[in-house]
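To start, the structure under review is shown below, and the notes come after it.
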Amino acid sequence: MDFTLTSDQEALQEAVRKLCEGRFPMERVRALAEVGGVDRDLWREMADAGVFSLRLSEADGGAALGTAEAALVFEVLGRALVPGPLVWTHLAAGLVPGAAEGDRVVGGLQRQEEPFLVEYPDAIDVLLAVDDDGLWEVDRSRLSARPVSWPLDPLTPAHVAGGLLRGERRGVPGDAARWRLDGAVLTGAYLLGMAAALTEMSVAFAKERQQFDKPIGSFQAIKHILADMFVRTEVARAAVYAAAVNLDEPALGPPARAVAGAKLLAGEAATLNAKAATQVHGGMGFTWEVDVHLYLKRAWVLDTTFGTADDHADVVAGLLG
Amino acid sequence: MDFTLTSDQEALQEAVRKLCEGRFPMERVRALAEVGGVDRDLWREMADAGVFSLRLSEADGGAALGTAEAALVFEVLGRALVPGPLVWTHLAAGLVPGAAEGDRVVGGLQRQEEPFLVEYPDAIDVLLAVDDDGLWEVDRSRLSARPVSWPLDPLTPAHVAGGLLRGERRGVPGDAARWRLDGAVLTGAYLLGMAAALTEMSVAFAKERQQFDKPIGSFQAIKHILADMFVRTEVARAAVYAAAVNLDEPALGPPARAVAGAKLLAGEAATLNAKAATQVHGGMGFTWEVDVHLYLKRAWVLDTTFGTADDHADVVAGLLG
Amino acid sequence: MDLLWTEEDERFRAELRAWIDQALPKLPAATKREDWDARRERDTTWQRMLYDAGYAGINWPADFGGRGAALSEQLVFYEEITTAGAPDVGVNFVGLLHAGPTIIAEAADDQRARHLPAILKGEEVWCQGFSEPSAGSDLASLRTRAVRDGDDYVINGQKIWTSFAQVSDYCELLVRTDPEAPKHTGITWLILPMDTPGVDVRPLRTVIGSSEFSELYLDDVRVPVANRVGAENDGWRVAMVTFSFERGTSLVSEMAEARRQLDELVKVAKVVTRGSATAWDDVGLRREIGHAAAELDALWNMVKRTVSEAARTGVPGVGASVVKLYYTELIQRIGDLALRVLDRASLSLDDVFDHSGHFVEERLRVLALTIAAGSSQIQRNIIGERILGLPR
Amino acid sequence: MDLLWTEEDERFRAELRAWIDQALPKLPAATKREDWDARRERDTTWQRMLYDAGYAGINWPADFGGRGAALSEQLVFYEEITTAGAPDVGVNFVGLLHAGPTIIAEAADDQRARHLPAILKGEEVWCQGFSEPSAGSDLASLRTRAVRDGDDYVINGQKIWTSFAQVSDYCELLVRTDPEAPKHTGITWLILPMDTPGVDVRPLRTVIGSSEFSELYLDDVRVPVANRVGAENDGWRVAMVTFSFERGTSLVSEMAEARRQLDELVKVAKVVTRGSATAWDDVGLRREIGHAAAELDALWNMVKRTVSEAARTGVPGVGASVVKLYYTELIQRIGDLALRVLDRASLSLDDVFDHSGHFVEERLRVLALTIAAGSSQIQRNIIGERILGLPR
């Protein structure tokens, strides 16, 4: 039992952090809204860094790493708010040709998520659907879809699709179940990174911003909001890391409860921290120019994918007693 | 529309406040735990002041006042934490001989409240039960009951009763429905008074208690707790008063939604304020000698009578849309 | 305690409703988002219609051309306007609810004559130049400087959060006239004509993507001393007169609308599918909606209490701060409930089904409510210190 | 990141479990409430059994007679003790977790020799004399005065919240030796034998009705200078050594027990009737219990993270403050959920059905947790200032 990061894991996070700093500064991220959320060159750079292929065997061009490492990578991506169907493409690596290499962008949705909102419609090459019966590749040419002119999150463009066709089978029910678990944890990891970034930007703002001749972070009301943001993030971190480790290590027992708790707490950490960050930033938090709202909107979006907070609390309850 | 107290209403509250100050100082209230919660002489004094007969016609020895006035009286009783089955005896006035005059102490419970905890078992002369079919006087001689040696609230002694016999009918289903509404509002009014008293005692303590060379009420963390206590109380007050007025005035429409909201918000104001008061009082709030815990325990008890917070939120939801 | 409307109130309601029924169809349709000229045109047209019908300045004294309505009639007015879906004050917001009342209370007769009728008739649109980038919660630390030069003040500085500045004729402006004095005592209240040279309006994009608010850049702007309301350096007190209005009735139409929206949300919840059931079948979610409805009911009754007290005593009492704090946090929780009901449909501000987009937009809009006009933190300070008497 | 126990850990667990299985039945039955002599007898007997089996001082260095267990083994130890329903530290709490570690870190060799083995064997029971009626969150403002008189300190003052004082042999006492110095620099740490003349123990009744805590009245109490640990006026630093222990592992057995209790609560919820269904059929209530369980799981993993970091770096890291703040508020929420599940049965601390009374008593007991050992407000200050670097 050593629940700290190995030096390899630290190095992996550091490498992806550097990639994000270099390639995904916030101006660049914002600009991706203009191109449907995905820039093909940047996408391939992420692929080259192993973001999608990480868990594939070395024979398949991967690094044979685990879900724990993938979660650490997605945490860093969430911190930087990198847009695009990252989780789906990562899940599809090894299954959909070109996904691992960044040549094909893979999106997806869960069939119980009515109405069907297809994310990144103009960026994706392949649309997958998951349901209790398996994984399916949807034939988009047969899909009636209308574009959302005004998406909640400018970095999550969407189409509303009419009834979703099943298409070609890509996996059995067991695959679908595993995708749901992996997808929940990786989305949770991304949300965890967002929660941490929100804490840091709010702390920095509160040290800088003066009102009543003092930095606002010296007022207990603000200080305690920030302390709660930090605490929520660290609790979510413990949950997400533990769930990822659990997915890699069958000897730790069935992962369902840990995974549900991880998505639940990471989703809440991100949404609650984003709301708190808005409040701490005061009027600035209500402006488009300050990044907080982009995190808030993404947090709301991601809270609806791979199970909502309510869904996951129900799952944990169902496994109790 | 004038939603302020009339001068008669103010005078009524003032009169009961004086009675409580004179007859129910906190030492006396605490001492009533030793006599099962009710002192017969004091009970009769309350009866003489009209606490039970208030709403009876003048011909029946009452003051022909409304539920609004009764609520104002119960608010003051709650403030002073006067123990005993006040609400049940008030409801029974005019129905159970001697109740209005304070000669017979009437307790009661709702039949859906399993397990059956009979409050003030040694003090009451008559035990009523309310269910969907009406009002019933339970034959206590046929009731198997065991005493609770260690009640949560020292001022709410109780027996656990085995299956509750129905006994003699005292009212039709319509009476029962009305008792439930009246009982919820009067219990809500009592809880409102408790919430207000808790705010006042906590504010006074926070002005007095010094830590770090300042009154603790000058720290924003404490100040904001107190502000929230006040706000919660005032919102509950608006709900309770409006529900009481609604019960008196059929032209305002069916009272069910207002009553449910009143009990819900008053119960939450009292329980949340009692928890907050415990925190504000610090270590002192964990001592028997400081009154806060008596309010906290009573709030928890009353939250289980005439419908819990969950029950009432469900009722409001059921009346929406 | 009496919650029945009086016969007068009911008569007023009936007349008003009848008038709205015939007036509303004559009003042009709602304008396109971001078309502020059209918005001004529509809102001021409606204001003129209200004026002609005798409803303009519902809360203004009759001596100054207002309706001088009893407080209970004001509540009826807001209820009926909201229920009918008629426009709220819109671009006339600052004129009717801030600048106008300030002018009534503090201005000279010639200033009153110049502006009050024009505001009532929808001929003058006003905006507010109070907040600054570095003066938010700490408004009194404002730095926009006004230097006396002959019969003018020469003004330099920057304002922010000025709503409808693009289409405003005048701005109620707070400037610092004495930088040496303690911060509350060196401020002056001025009437700034928006077409004065040196006034640069730069729209600010909000999280909703709208540009209702602007920044005002003021570069050697000359305003005649005659445009001052109240004494030099007495502007903080003058501005506080405005705030006592802002924190009173300004949330009433907002709350009436929230009650309507909550009913809408229940209808939506009954339609949105969730597995084999609807969102409304989710006992946990439904209970939270019921809880929020009870709170909103209580706040509405709290408004009636506050208004009744004000009618009786002439002062608004403690209710206004309580309502501001509680309502703004509640409406955000209700917005969160709406997102939970909508689930995936919350990804879109276009309607995925009936009105769904509106709930999402509202969730964004109400983010500002716990920040503007005294943040929740400031409100708790005020309640703690002014009402409960706790030490600073 | 590795959450699998090592083979050593598993071997340790197996041995410990086997030992507990045979040892526990030899221990006298749980004592009656408020019989503190019997409580001391049982807890110290258990401590002696642990000592004889080599488990005493699980976290103490082997050089000082402790087990010197790896941090992961300590977690296993607390898990197994809790799961088996064996006694927790009980009256040995202060000796094992506060005074003992302080003596290890700061005391002279003769003091160590005198006290450490006795604590480990259950021969010496210690209590803590830190808090005072006017020094709670602001502990450093303590006023109990010690004046040097020859080879003694003469002590006058009052302490509060001293647990198990009735049955203690020694007290770790903080006194003010320099009233002129800044408050943190005039404090001294002393070993007070509880049978010293002038020590008056007055039990304090808590909201549970129990008298686990006492007030200590100190009237001209003479303590030899030789009983001082650390330098005169350096007692604040010495005491802080203790606190770093208190905020670390002290919640671990509490949390292990909470996890067990939550499973119990679910069982109860499945039995308690609610109309025609059970409390567990209430989707809203059940969801909240599921939510709390997820939080408790996460905190337990957070403890593993904290312990792992401490094992690697030698310092406890940020985890301890976070766990203290979050756990204490969470366990109160869980207590509220228990009251909702119990409904009317919550009126009684006697069991109305299996264990129901215990949940009610627990709800009362945990009220203290957000106040003692640094209130939630103080914890948030600490996190804001020491971890996030916010200005005071």
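Order of writing sets the chain letters: A, B, C and D. Residues in each chain are counted from 1.
Just so we're on the same page, a residue touches a chain if its C-beta (ideal position, glycine included) is under 8 Å from a C-beta of that chain, and two chains touch if they have at least 3 such contacts.
Small disclaimer: the values here were computed from a predicted structure and weren't measured.
**Student:** If you take the chains that touch chain B and keep only those that also touch chain C, what is left?
**Tutor:** A, D
**Student:** From the C-alpha centres, identify the chain that is farthest from chain C.
**Tutor:** It is D whose centre lies farthest from that of chain C.
**Student:** Quick check: how many Å separate the C-alpha centres of chain A and chain B?
**Tutor:** Measuring from centre to centre gives 50 Å for this pair.
**Student:** State, to the nearest whole Å, the distance from the C-alpha centre of chain A to the C-alpha centre of chain C.
**Tutor:** 38
**Student:** Taking the mean of the C-alpha atoms as each chain's centre, how many Å separate chain C from chain D?
**Tutor:** Measuring from centre to centre gives 53 Å for this pair.
**Student:** Which chain B residues touch at least two other chains?
**Tutor:** Expected reply: 219-221, 224, 310.
**Student:** Which chain D residues touch at least two other chains?
**Tutor:** 282-284, 287-288, 377, 380
**Student:** How is the touch graph of the chains shaped: line, ring, star, complete or other?
**Tutor:** Topology of touching chains reads as complete, every chain touching all others.
**Student:** Per the contact definition, I'd like the list of chain D residues that touch chain B in the complex.
**Tutor:** Counting only chain D, the residues touching chain B are 131, 134, 136-138, 141, 160-161, 204-207, 209, 273, 275, 282, 284-285, 332, 339-340, 343-350, 352-353, 357, 360, 364, 367-368, 370-372, 375-377, 380.
**Student:** Which residues of chain B touch chain C in their complex?
**Tutor:** Per the touch definition, chain B meets chain C at residues 1-6, 9, 68, 199, 203, 206-207, 214-215, 217-218, 220, 223-224, 226-228, 230-231, 234-239, 241-242, 244-246, 249, 251-252, 257-258, 260-262, 264-265, 310, 312-318, 320-321.
**Student:** Provide the residue numbers of chain D that touch chain A in the complex, in ascending order.
**Tutor:** Chain D residues touching chain A: 1-6, 9, 72, 75, 262-263, 266-267, 269-270, 280, 283, 286-291, 293-295, 297-299, 301-302, 304-305, 307-309, 311-312, 318-319, 322, 325-326, 377, 379-381, 383-385, 387-392.
**Student:** Spell out the residues on chain A that touch chain B in their complex, using ranges where they run on.
**Tutor:** Interface residues on the chain A side: 219-221, 224.
**Student:** Spell out the residues on chain D that touch chain C in their complex, using ranges where they run on.
**Tutor:** 282-284, 287-288
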